[in-house]
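Please read the structure below before turning to the comments.
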Amino acid sequence: MTPDKEFVLDARRDERVRLSEAVFCAGKSAAQISAIIDYAMTRGLGLLLTRLDEARLAGLPPHQQEALDYDPVSRTAICGQPHPIRGETRIAVVTAGTSDVPVAREAVRTLLFEGFAAEEIVDVGVAGLWRLLRRAEELQRFPVVIVAAGMDAALPSVIGGLVGGLVIAVPTSVGYGVAAGGQTALNAILASCAPGIVTVNIDNGYGAACAAMRALGGRVAKEGDQDGTS
Amino acid sequence: MTPDKEFVLDARRDERVRLSEAVFCAGKSAAQISAIIDYAMTRGLGLLLTRLDEARLAGLPPHQQEALDYDPVSRTAICGQPHPIRGETRIAVVTAGTSDVPVAREAVRTLLFEGFAAEEIVDVGVAGLWRLLRRAEELQRFPVVIVAAGMDAALPSVIGGLVGGLVIAVPTSVGYGVAAGGQTALNAILASCAPGIVTVNIDNGYGAACAAMRALGGRVAKEGDQDGTS
Amino acid sequence: MTPDKEFVLDARRDERVRLSEAVFCAGKSAAQISAIIDYAMTRGLGLLLTRLDEARLAGLPPHQQEALDYDPVSRTAICGQPHPIRGETRIAVVTAGTSDVPVAREAVRTLLFEGFAAEEIVDVGVAGLWRLLRRAEELQRFPVVIVAAGMDAALPSVIGGLVGGLVIAVPTSVGYGVAAGGQTALNAILASCAPGIVTVNIDNGYGAACAAMRALGGRVAKEGDQDGTS
Amino acid sequence: MTPDKEFVLDARRDERVRLSEAVFCAGKSAAQISAIIDYAMTRGLGLLLTRLDEARLAGLPPHQQEALDYDPVSRTAICGQPHPIRGETRIAVVTAGTSDVPVAREAVRTLLFEGFAAEEIVDVGVAGLWRLLRRAEELQRFPVVIVAAGMDAALPSVIGGLVGGLVIAVPTSVGYGVAAGGQTALNAILASCAPGIVTVNIDNGYGAACAAMRALGGRVAKEGDQDGTS
Amino acid sequence: MTPDKEFVLDARRDERVRLSEAVFCAGKSAAQISAIIDYAMTRGLGLLLTRLDEARLAGLPPHQQEALDYDPVSRTAICGQPHPIRGETRIAVVTAGTSDVPVAREAVRTLLFEGFAAEEIVDVGVAGLWRLLRRAEELQRFPVVIVAAGMDAALPSVIGGLVGGLVIAVPTSVGYGVAAGGQTALNAILASCAPGIVTVNIDNGYGAACAAMRALGGRVAKEGDQDGTS
Amino acid sequence: MTPDKEFVLDARRDERVRLSEAVFCAGKSAAQISAIIDYAMTRGLGLLLTRLDEARLAGLPPHQQEALDYDPVSRTAICGQPHPIRGETRIAVVTAGTSDVPVAREAVRTLLFEGFAAEEIVDVGVAGLWRLLRRAEELQRFPVVIVAAGMDAALPSVIGGLVGGLVIAVPTSVGYGVAAGGQTALNAILASCAPGIVTVNIDNGYGAACAAMRALGGRVAKEGDQDGTS
Amino acid sequence: MTPDKEFVLDARRDERVRLSEAVFCAGKSAAQISAIIDYAMTRGLGLLLTRLDEARLAGLPPHQQEALDYDPVSRTAICGQPHPIRGETRIAVVTAGTSDVPVAREAVRTLLFEGFAAEEIVDVGVAGLWRLLRRAEELQRFPVVIVAAGMDAALPSVIGGLVGGLVIAVPTSVGYGVAAGGQTALNAILASCAPGIVTVNIDNGYGAACAAMRALGGRVAKEGDQDGTS
Amino acid sequence: MTPDKEFVLDARRDERVRLSEAVFCAGKSAAQISAIIDYAMTRGLGLLLTRLDEARLAGLPPHQQEALDYDPVSRTAICGQPHPIRGETRIAVVTAGTSDVPVAREAVRTLLFEGFAAEEIVDVGVAGLWRLLRRAEELQRFPVVIVAAGMDAALPSVIGGLVGGLVIAVPTSVGYGVAAGGQTALNAILASCAPGIVTVNIDNGYGAACAAMRALGGRVAKEGDQDGTS
């Protein structure tokens, strides 16, 4: 069996769901990833690679490594040109603590790849409430707020009570013991007393960004963006 | 201690997060619920009551029972006038099976209370894929699609691959054995292979509706809706 | 076997751990409970009964029912005279929502039985942060704050960041779906980002009160309380 | 104790359940595996080795390494001659994504060892439904379809609604967070809304292949295959 | 909303997956079930109703109750004529203990509805191994063996080592404590040391029967059964 | 199908494992239980019925109810004559609290049925250590000690450190919240720091008694007991 | 993004909750930790670093390594001067076994950093009860007792029954199998039969120390400590 | 703090529970283990070390390594002289598969250390029932049978139905996926349909051996063994 047979890029996804192709690298060998990059580069397709750790990156052929725009914090790589930035910044990406930054950055990079700028607001966890409150007014101006939080994930609940926009919480695997790799953060978000908070899988910054673009997508179309992508 | 002391209605929630007050009745006694209704009726506040089963309803004073617009399928009651419908229908509420209808209806009723009409599309579970495919084009026209599904909850994944709008999945407690009261449906949604699906707590039709309104809220404002509520 | 053989009251507990005898009624038959009350009444021992639902209460002999000071909200009964109130109020008992009141009241009643007055502060959940913030300064004056919260239990984290006293969180079984009968609230409290929050079993208002008294006990002794009980 | 004492090859399994001996290597030391291979080679018995990672392979004596037909993707090795292929291909092995290939390949290799050819159909996950639909008719021709899928494992449900043959789903450990090492995929398959889907343990490509052969076994006999093995 | 809107019978399922329509009644109201029966009776469609407890049955209109062939042990009802029996009996349905009979009977009734006779073999759990061993030879003659077992579910493993046909295990919710409503039986089956055992959801006798028919289906077609149903 | 077909009493169990037949009634209908009693009474077989609640008991024919020696605390019934008491008392049955008595009594009744007298020692939980310590010497004289304990089940660990005989712990479902129906007690026992504690399923007093008899059985044989039963 | 942006030290925490800043290092890179240390050293702030393993320590610049007071057993480092010891020793830190020492030491080091001396009492697990009993009287003199215990964590229950002070249990991840990384110890503590035991997250020696200081804090103030820190 | 302070050997355990001191090495550093060995060697105490992997062994001083009788399969070491063998062999140690041997061997070595010889019977898992049946008669002669089994752990149930002695099952962590590190094996054993099976923690061969000796202890005493150890 040739490596070619092991994947079928979903080239029509863009027109259907208005999101470009992304490749989740954690479960794939360097050879599999390399074949996919090669396929995309040959055809001039843009590609976002997520969960690409430095060991796997080092396993790619040098010309591929050079062609990638790699960010070690979020472990993402962009192959090809990102979409040009579309208008004003309408998405905030908030983190509870320093350890949540890699997940938040994955969201920021995904948005960047699709042409959405995001405002990062870091280290505003509820244990020191004043850090959040002084930025509350600013947060209320964003139609979409992504919040990355681990441990007890109290932050999305508090933000959900402060702002009226869509709050997309990303539970992170930060914590130990009963934090259970993010399961407690996830459950706390789902059981939130603040109405209308939504969530995605643990550490899934990419998914949160996709959801944000889905939420903003229709509006962009109304405003006259004709490229059909978002 | 007087019952008055047991609650503090969040009267400023409306201006902050642009959602009216709702009361989750499952954990409350008829006396507690009655006190809250009395408080709202006296002040002319609108109120949505969720998880109000018929036993608790029967425990309310007759004049309160009469004043409520009660729906037995969703176990919701509306106290006071719902918000007038705001423009065209932009939210679809989809169910995988007949047993998911109560949860979907809770979302529809919540939307109605806030002035958003919703299109219900029932019984399009993936085991009979043709039922869904013949409605795919219709679904692609909605900026927000709420999907209520229990058991394996494969439907949100499939819809997520078919439409570009925001997909808010509501796992339901439908099923038995490993369905585990909706936990499997929830996990399947969170682990979905379709990018950008978001979710809420099991059976939380109310929360899905709130999230839909959060997502549409900003857009409405841009279009000139000045009442500040949505 | 006579019912007598089925229990051995720990009459020396008072002098050892400075807490009076309490009887957890949930797993016991009316006959077993009645035998214990009889034993205590005969000997003039004070007794706190917890988790005594109205059905079991109705199963007791009339003279016992009359002798009990029963509170239906907390499902507690006091047999015999409570300890006289000891000095100023040093314990606050805070609830996130109306549904948490029964658990909080169990703590208040336990404290009352042992002679500690408590200040109840209700319905200050974080989804409406202003309700809490306006009482923050008041909370900072208590050396011990008991916080009963269900669902995502974000409240103890926020309070833990606002006050310097001992924060004893009681997760409650309020909520549905992933709230999992209080397990999520418990885990969120344990994984809290606020330092030094402690907790007890789900719905264990009695245990929180005991812990509060243990924490205050030594101090009371220093102040000259000589009765050896607290 | 000599290593000989540590195993008893089930030499009569073939005549009883019509499946040859297979050795699961994950929990065994290189010395234990080597002793078993030696035993089989000496007696001319065929042997399938599963979960034989490259480190353990390297720990075997060179002459054994050479004698094995090793496949690194599925981490399987065949010792001795596989059974000649029996007639037409009646089993399809389908994968949802590239990361599911190792598990699917374990099934293919097991079938090959016993003389059953299989058709591999890769990367047809439901997020891009058109990839599956264009192969639906082809799938309907197989009496047995093995489907390897991780994450939310929506694929077996969809295939179960499209084909009438036996669908044996193999949940894979592909995914992260709530995917929980394949537990969510497994539960989603078991809770499937499509009737009559069966499953095996997570990542158990070997077991799925054995089940397929059990299902086809009787039929083969009817067609006149007299060797008694399948 | 009329009840009509709440379901869409999958009338084309028969030709696609060769299984008739079945209705899982546990999550449905008597009114919903009645509407479905009415729909089927009007059109002359056969219908299998599962998990129809006696309370819900009593809630149906008298003429519907009379028209149903109801079995209280399995809580199944057949509406309309079952398919005529197709040839010889090729399916055995085995139970470990008396308490597993309701689940086994659901499988037998489902098979009967579709025209497959089954041989029931009861109470052969492994704690009294001789009860099983004396029937081993008989079991080896069936191409498909369904095994319903709860508690530790050791029986499918033992049968899997004794017979060469397809073994479809149905974990049952029989047991207490760690039996966990069938979860332990399910896990034990999935972790079975006997190769090629497959399984379905807990208590899912219906699903096991459907799987058995899927396994036998292709063969039937080859033998010239032209009715397209099995 | 006649009820006869639904069970096969394991009449040879006595000679094989030296334990008489017992019937677990929780999962069986009154009709099934009655048929089994009838079968045993007709043949003069002794029978122990466990988990026979009063509702099911009331569903048996009057002559069967009268023939049974029923104990409501343990919910056990003995049909026929128990075995005469064999020699001195060598088994102690200890309970941590009053609520554990029903489980302990199930063990005592099982032992009684087979001819073993047991010494009951109640309400010696570790929270009041002196209650246990004053009986430590007494406990050291028993070759087998059964300990029923719920909640945190600290008692078996402490007893395991005090006595040299076989300690068979029975976790009970006493407790709430994280006690999780006995799962925490079970896990605490299994993780005990005292060496050589063994355990059985939650609330399984019957199993603990059987294990005690297995442990004493061989010794009895040596002492010349020829009846083959124990 | 500069590293500066990734954290916001909570400089006002000291005056609010009277605890100095601590940094949990497990989820942070050496670069992130180094930036925080640099920030604190530049400003002369004291800093406690927890979960700083030797690998991360080695990744810090040499001048930072030298400036830290590092303890390998507890994996804690103190940056800057600890607070001078405040009066007599009022906290005991007890361990069940040798393997619990690292967690207990984390508590001792945290207390030391804030100026509280602690008495360590090691290896008094209940399997050898005499080791504990001979120190019972000593333990009764402490107003706060921290108890670190893994496996079945029976020790806090026993101590809770022996002393009247505040018992803060720290479940540790010591143990294997069902010990489940400390989950069983945690649950056993929460389900304890001794009244008023409180707990923190698994292995959270730091949190237990903070709770101890919160409990003692108010008292210290009363005694005239004017520095506002504890 | 000196390492001395970190442990207190339970030197009186022998006379109390008649078992010598054993040290569980998994959670301890080489330095801690070395200090304990040194303490025991100096005083001439016998010591059994369990879970001593080869890395930790290599970390001990050479003279200690030489003094130990180390077995790499069970990862146990004996320090000092084992007790002389006591009479005939009365314990059988049975394994389901080759991978269960390390756990079984830990039991054998523990027994050996205390002077009990054991008969090992390997690889008799139920998937090949004939391997077990041909040894059934032999097994019936042992008063105690230890059975180590992983995966579905069906073997103890089957043996429990075949023999009348005490059956101590040891679930092993052998298996993958739902085997869940031995949790499924453990639960299957606890839910066993065979009466009177007891169990210990996962992989706890040491505990099973201790339980066996507890069970045999009393009998030994009766036979006149006066050394007080077993």
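Chains here go by letter, A, B, C, D, E, F, G and H, matching the order in which they are written, and residues are numbered from 1 within each.
What we mean here is this: a residue touches a chain if its C-beta (ideal position, glycine included) is under 8 Å from a C-beta of that chain, and two chains touch if they have at least 3 such contacts.
Since this is a predicted model, take the numbers as computed values, not measurements.
Please find the path from chain B to chain H through touching chains that uses the fewest steps, and give that number.
2
In angstrom, rounded to a whole number, how far apart do the mean CA points of chain F and chain H lie?
Once rounded, the distance between the two centres reads 26 Å.
So, what's the distance in Å between the C-alpha centres of chain G and chain B?
Their C-alpha centroids are separated by 45 Å.
State, to the nearest whole Å, the distance from the C-alpha centre of chain A to the C-alpha centre of chain H.
A distance of 50 Å separates the two centres.
At least two other chains touched by the same residue of chain A: list those residues.
13, 97, 127-128, 160-162, 175, 177-179, 183, 186, 190-191, 194-195, 201-202 - these are the residues of chain A that touch more than one other chain.
Name the touching chain pairs, please: which are they?
A-B, A-C, A-D, A-G, B-C, B-D, B-E, C-F, C-G, D-E, D-H, E-F, E-H, F-G, F-H, G-H
Where on chain E is chain D touching in the complex?
Within the complex, chain E contacts chain D at residues 13, 16-19, 22, 90, 143-144, 160-168, 186, 190-191, 194-202, 206-207, 209-211, 213-215, 217-219, 222.
Which residues of chain F touch chain G in the complex?
Of all residues in chain F, those touching chain G are 96-97, 125-129, 151-154, 157-158, 160-162, 175, 177-180, 183-195.
Where on chain D is chain A touching in the complex?
For chain D paired with chain A, touching residues are 97-99, 101, 120, 122-124, 127-128, 130-131, 150, 174-179.
Tell me, which parts of chain A touch chain D in their complex?
Interface residues on chain A, with respect to chain D: 1, 5-8, 10, 12-13, 24, 26-28, 32, 51, 171, 173, 181-183, 186, 201-204.
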